[in-house]
Amino acid sequence: MLDAGRTEETLLEVNNIEVIYNHVILVLKGVSLSVPKGGITALLGGNGAGKTTTLKAISNLLHSERGEVTKGSINYRGEPVADLDPAALVKKGVIQVMEGRHCFEHLTVEENLLTGAYTRSGGDVAADLEMVYDYFPRLKTRRKSQAGYTSGGEQQMVAIGRALMSRPECILLDEPSMGLAPQLVEEIFTIVKDLNEKEGNTFLLAEQNTNVALRFAHYGYILESGRVVMDGPAADLRENPDVKEFYLGMSDDGRKSFRDVRSYRRRKRWLS
Amino acid sequence: MTQVPADSYVTEDGRTIGPTVMEMKNITLRFGGVKAITDISFDIREGEIRAIIGPNGAGKSSMLNVISGFYVPQEGEVWYKGAKRPAMKPYQVAQQGIARTFQNIALFEGMSVLDNVMTGRLRQMNANLIQQALWKGRAEKEEVENRAFVEKIIDFLEIQHIRKTPVGRLPYGLKKRVELARALAAEPSILLLDEPMAGMNVEEKEDMSRFILDMNDEFGTTIALIEHDMGVVMDLSDRVVVMDYGKKIGDGTPDEVRNNQDVIDAYLGVAHD
Amino acid sequence: MFYREAGDFKTNYADDNQTFPIKFDRYRYYALMLFAFIVVPFLINDYWVNAIFLPFLIYSIAAIGLNILVGYCGQVSLGTGGFMAVGAYACYKLMTSFPEISIFIHVLLAGGVTALVGVLFGLPSLRIKGFYLAVATLAAQFFLVWLFNRVPWFYNYSASGQISAPERTVFGVAVTGPNTSAWATYLFCLVLLTIVGLIARNLTRGMQGRKWMAIRDMDIAAEIIGVNPLKAKLSAFAVSSFFIGVAGALYFSVYLGAVEVGEAFGINQSFLVLFMIIIGGLGSIFGSFAGAAFLVLMPVLLKNVLVGGLGWPTDIAAHLEFLIVGALIIVFLIAEPHGLAQLWRVAKEKLRLWPFPH
Amino acid sequence: DLVFPSLSYRTGPYAAGGIPFADGYADYFTLLNERDGGIGGVPTRLLECETGYNTAKGVECYESTKGEGALVYQPLSTGITYQLIPKVTADGIPLHTMGYGRTSAANGEVFSNVFNYPSNYWDGASGAINYLLESNGGDISGKKIALVYHNSAYGKEPIRTLEELQKKHGYELTLLPVDHPGQEQKSQWLQIRRERPDFVVMWGWGVMNQVAIQEASNIRFPMENFIGVWWSGAEHDVLPAGDKANGYKAVTFHNVGRDFPVFDDIQKYVVDTGKAAGAGDQIGNVLYNRGMYAAMLAAEAAKTAQEMHGTAEITPAMMRDGMEALVIDEAKMTALGMPNFGPSFNVSCENHGGPGLVGMTQWDAANQTWSMISDFKETDGEVIGALVAEDSASYAAENNIEAGCK
Amino acid sequence: MPESLLYGTEVVLNGLMAGVLYALVALGFVLIYKASGIFNYAQGVMALFSAATLVGIMKGQVPFAHLINAALGTEIHHFGWHVPALLAILLTMGVMVLLAWAVQKFVFRHLVNQEPIILFMATIGLAYFLEGFGDLMWGSDIKKMDVGLPQGGSFWIEENTQWLGFGNENFYGFFLDQLDLVATAIAAVLVIALVLFSQYTKQGRAMRAVADDHQAALSVGISLNFIWVMVWSVAGFVALVAGIMWGAKSGVQFSLSLIALKALPVLMLGGFTSIPGAIVGGLIIGVGEKLFEFTVGPLVGGATENWFAYVLALVFLVFRPQGLFGEKIIERV
């Protein structure tokens, strides 16, 4: 267990935002969060709760999905960022790792990583590349392969590595654990922790894997149908009985078996 | 108690596992220089839940692709229902009753949930073009009958409320469910699931598990499943194949696999509870 | 609330499968059909028919055809002009070889011939995809036009290579040739359009349509879940070409009366029909109508406003017309990339929620 | 007022030719209004409608203008002509396709409402051959002639005639089609360079003309032996090739240049008063002259009709009669300020095609002018007459038309 | 050498030259496709527009003169100055950059992340717009393009290859157009420069990234707007080069925009995403169609070039669906 955020300073603040897709579909109904500088903040919630939407609203990727923030405000270091384009945000140090990998299929793994350094004007790109390869040795062996042909997990590594290449201050991670082998999940979260501790990066991560997320995060928000229903320090959330039951799958006597689950929620025959 | 045939057995929880329905024999698959699968053999028995696990890039998805005929291995044979399967197009494989879901969701984004699930009924609907053009006779009848079937699946998977929503708009988890619905709608004899629970929280995983088990239970559908959540794998599966770098490094019941040192080194990291 | 579905319950799946599941839509549709069949024929004159209705009806048929291929099956084709030419020339040969048979049959047969040719040129679609396929279909476009221009048999060895439609009748009323009446040609095309529209609707709401859309959205996945891509693509080519052939036959015989292949069925025609379906909405029958209406009416309207209304010189008006149509295409795409049909759907969704914004 | 629609094309691939023709057509009617107060006291009204050389738009233009009492159509496109023939016949409006369109429409017994005087394509082809005969001492047997033509109905028109004449004069004929638009003609001209035909005849329109002349100069084909039809012989066709186009020839059925009194009037009444259709700098250009000439023939026919029917407000049917009774002679032309601008001729019910006199013009690159080098001369009426009879008979048969004069 | 072989060689040589000219147009398509996945239908119109602008600037034509005169009743046409060719080319480049900026600002910025066919349609809208705009600006009459490029068959080559005929009177030496030779040189330079740019520079890499996935490119901080302005500017430059070459042959006028149709089979054959592919494709198409017209053309009545190029490309594609050098189409599930 880590100390809660190092500073009290708020790096990123989301105030009561509302998001509408396609002019008609209201998805976020007033979400507020604050991400302390140097902390790892987790955004939890079921499918369709609006985690991805929240992250995209912050990184301003919503426009390209025909979504818009209709109410509320988003501040980064106290300045409103709603009008910046994603590229400008990256320059300011906010980068998002998108859900579902989104690699550049036709570029090689290495070229993918290099695009991450696009906004940087100085610094030692080669050294950072080595750093990423250190974190993900598997990528090194596949550096010349087209990203489109790498396995799901490899693509996830590429996406995270690519974001690291921009030397961001604040990283928005959307489901980093999805599709990764358990070992790797641990590894990636360890990397997140390392970066957080050593480099002082701030993280906001959307996760389904509540278990891991709450182990590594300092603070958590739980989102349900577009609203924050609960928030608190990660340690508190872990002890919350509802969280335990619905997000961690724990009953009073340890983990339930997935096989047993159905016995008490079992429905009647579903096909007659 | 019914008689259990010689080549079958009954599990602890009372399900009958039948003889081998599908057998992979010495499969090797290469992509240029990359060896995705190296000389792997394993079998799937009727009615069992067979898991395939392994680190990222081990070749699990490729293996499913071989089964569904999308990749043609350079070496090796696929035996299905006791006969060697000849070279086949993927759609022919599907017509034999093998349905699947995909790791990177492969739904038809422009269609509604209902239409997506209805595509699962391909095998059952055979009206010809003229009948369909006139919406008469067989076409209309089939449409209504199969719709009824599909509605039951929709009900079962609890996706009634999004029936008419275009799939493109759905969040990830629901998409996964729709994909499962599409596969179930085919009433397959073998169901291949590629990471059906990726990106879900525990509650949703529980639901998914329940669906899978029910499916297996009610119809005796054989299921082959890739999953990274060891809890799920260990709880659900009857037998597990473990792959690493394209090679098979373990095969057996969950307990056997869990204690196999190679598997622990390559994949699990620590022995899983 | 002007528009709603609440209270409009279905008790069986057949009802839910209707073309217009919402009652309000259904009645509006019946009213429109009645109006089109019974009222319009009494109101129109030569100008309305020849400048607006015939092109609209005929292009709608072509647009529905192309929409099946592009919008539903995802196979982008730029061969429409060539296929329309096949329909036209087939119709011409049939009309002149079997003058006793009804033109109605000729038009349908011309569609059939076009379907065969379409399937032939659809074969490469099994290997070639996306824009590569689009460009490949241009091979059909150019080759067919060349063929009809080159082989005198197609134009009955006439001196100039033009074909002109002789007079043919339906139930004794002339629908081709010089002595047609406005209402007759209008009704003839309207009947065909109605048939085409119904067939298209039936095909696209059933299994066949789902197969096409599956191929469109993700062909590999479709194949893996059991869609035979060969059959699906070729059937789309066949059905689409059938409609386009019918449109071509009408375009030649009823609308223009005489055509020269390179001019009437050139590549511009291919593009025009493609514009219609994209502006109207890919994968939407309604969109095909909307797109055809837009691109037929827009230029006429602009021309009337600019030249007739404002009295500008025709060349400036023509240039402005290009400029405005171009700008409008872009504006529409930005407003709604999925076409007029989607714009309409969103409007309906809003109406349904009215007066609440969400 | 008297309504004269002008189906013009000022846009699209053939705009370069369409613009000067439309300007000439328009300016002449403006001149009549400004100078004479119209025709027979009734002002004329020009209804311009842009077709873009597109047949479907042509139909739209026809339908939208015919209701306004349009007297005569001049669509400047063979494609649109073919479409309008049945329509004008049914509507009783005359169609004048001067030097283009359906050649066999010269037979007025079959094509009651279509006129193509003073000359048609087959006259043009025959005129070109006659010119070659003349300049080669009456014998071109064994000579090689290549026809470079626009691969469309229009371009194919001369083929039959040239083939018939081939039988008669014994030359060799090579056919070289060029597809629309004709940007790329390397193959055709390499073949010409290889086969070294003695003469090249061209049936082109639009960019095809410029490219052909450019390519001919590139392979240094002697320009004197290169003859275009009248649609391939305007200033803009030769200008891009610069000096190397010097000596290129084109047949014509009217005079060129701006030395005619009528142009001074146009300058004075139309251009200087700011009423010109174009910039006013096209006067004297070949296609401008042709447009103006077409307008003049229409106006004269209208006058004839007014006299015949004793009314100034004529209908399209009267206009048709006027056209059928049109007489153009030198005296009339001189009075109109166009001495020797075109041939003298009479139209009759049997002959809607005029006398088919064809002259020859040549390009002088140094002075940038076209000039006539051979007067209007007879063409091979015998061959052409037979072809016209044959083609019009088949049209009559196809469309159940009973040939004859009313 | 036998005559037919000589002529065949000549046809091949000229086919190569024609191919280079096609490739020049195709290059513009490739650039934009590579950088944004947009199939830019407006490329042909851009060539026309740039050429007309160049001529207009050189002649000191007043833009929109016709419109102004019609609206205000004035009679202005020319400024009365002549701009030297080189300066005019630079100015035209400026106009093309402006155009690129406008295209990005008013069109594609709003269409990020849309399907390819929608983007394609937008370029069609753009083509219409630009066509009308260009005509309004410079008039639709035909203009002579004269930037001092040599034209006509090269005497030198002709004289120095005549001996190949070994006394054959009918052989006059090979015919090669000087303009084509210039075009070849320019195309070679362009292709090399562009390949280096796209393969080995940061911007080049970013450009390819944008083509793959708009959203992902945005998410790593690549400014789509900048990339697009840049690429459309380069494409505008390529269009200008093509416009000059083709304009010199045929004058500047509407049909110039139709050269796009000659470039499409080239693209298809070479691969939409490959710069060298454009050249190789162009050469194959050029030679193929000329040879076919030379050998088979006479048997079937000629004018085969329009369709033959497409059919040739089609046949190639059946064996290589991504074209000769195109990026492999990734098919995975």
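Order as written gives the chain letters A, B, C, D and E; numbering starts at 1 within each chain.
Convention: a contact is a pair of C-beta atoms (placed from the backbone, for glycine too) under 8 Å apart; a residue touches a chain by one contact, two chains touch by 3 or more.
Chain-to-protein mapping (UniProt): A = LIV-I protein F; B = Sulfate/thiosulfate import ATP-binding protein CysA; C = Leucine/isoleucine/valine transporter permease subunit; E = LIV-I protein H.
As the structure is a prediction and not an experimental result, all values here were calculated from the model.
Number of steps on the shortest path from subunit A to subunit E, with steps defined by chain touch: 1.
When the partners of subunit B are compared with those of subunit D, the chains appearing in both lists are C, E. In summary, the chains found to touch both subunit A and subunit C are B, E. Among the remaining chains, A is positioned farthest from subunit C, on the basis of C-alpha centroids.
Chain centre most remote from that of subunit B: D (centre = mean of CA atoms). Counting C-beta pairs in contact, the pair that comes out ahead of the other among C-E and D-E is C-E. Chain centres here are Cα means. That of subunit A falls 74 Å from that of subunit D. Centroid to centroid, with C-alpha atoms defining each point, subunit B and subunit E lie 50 Å apart. In this assembly, the C-alpha centroid of subunit B lies 42 Å from the C-alpha centroid of subunit C. Note: centroid distance subunit A to subunit B, computed from Cα atoms, is 29 Å. Counting only residues that touch two or more partner chains, subunit E has 66, 135, 140, 301, 303, 306, 332-333. Of all residues in subunit C, those touching 2 or more other chains are 146, 149, 220-221, 224, 313, 315, 319, 322, listed in ascending order. Within subunit B, residues 70, 102-104, 106 each touch two or more of the remaining chains. A list of each chain pair in contact follows: A-B, A-C, A-E, B-C, B-E, C-D, C-E, D-E.
Against subunit A, in their complex, subunit C makes its touches with residues 346, 349-350, 353, 358. Residue ranges of subunit C in contact with subunit E, taken from their complex: 70, 76, 124, 127-132, 134-136, 138-139, 141-143, 145-146, 149-150, 220-221, 224, 267, 271, 275, 278-279, 282, 312-313, 315-316, 319-330, 333-334, 337-338. Those residues of subunit B that touch subunit E in the shared complex are 65, 70, 102-104, 106.
Here subunit A touches subunit B in the complex through residues 21, 25, 44-49, 52, 99-101, 138, 142, 145, 149-154, 156-157, 175, 178-186, 208-211, 246-249, 255-259, 261-262, 265-267, 269-272, going by the rule given at the top. Remark: subunit D residues 8, 10-11, 19, 48-50, 52, 54-57, 59-60, 62-64, 66-67, 78-79, 82-83, 85-87, 89-90, 102-104, 151-154, 156-157, 160, 179-180, 277, 387, 391, 394, 398-400 touch subunit C in the complex.
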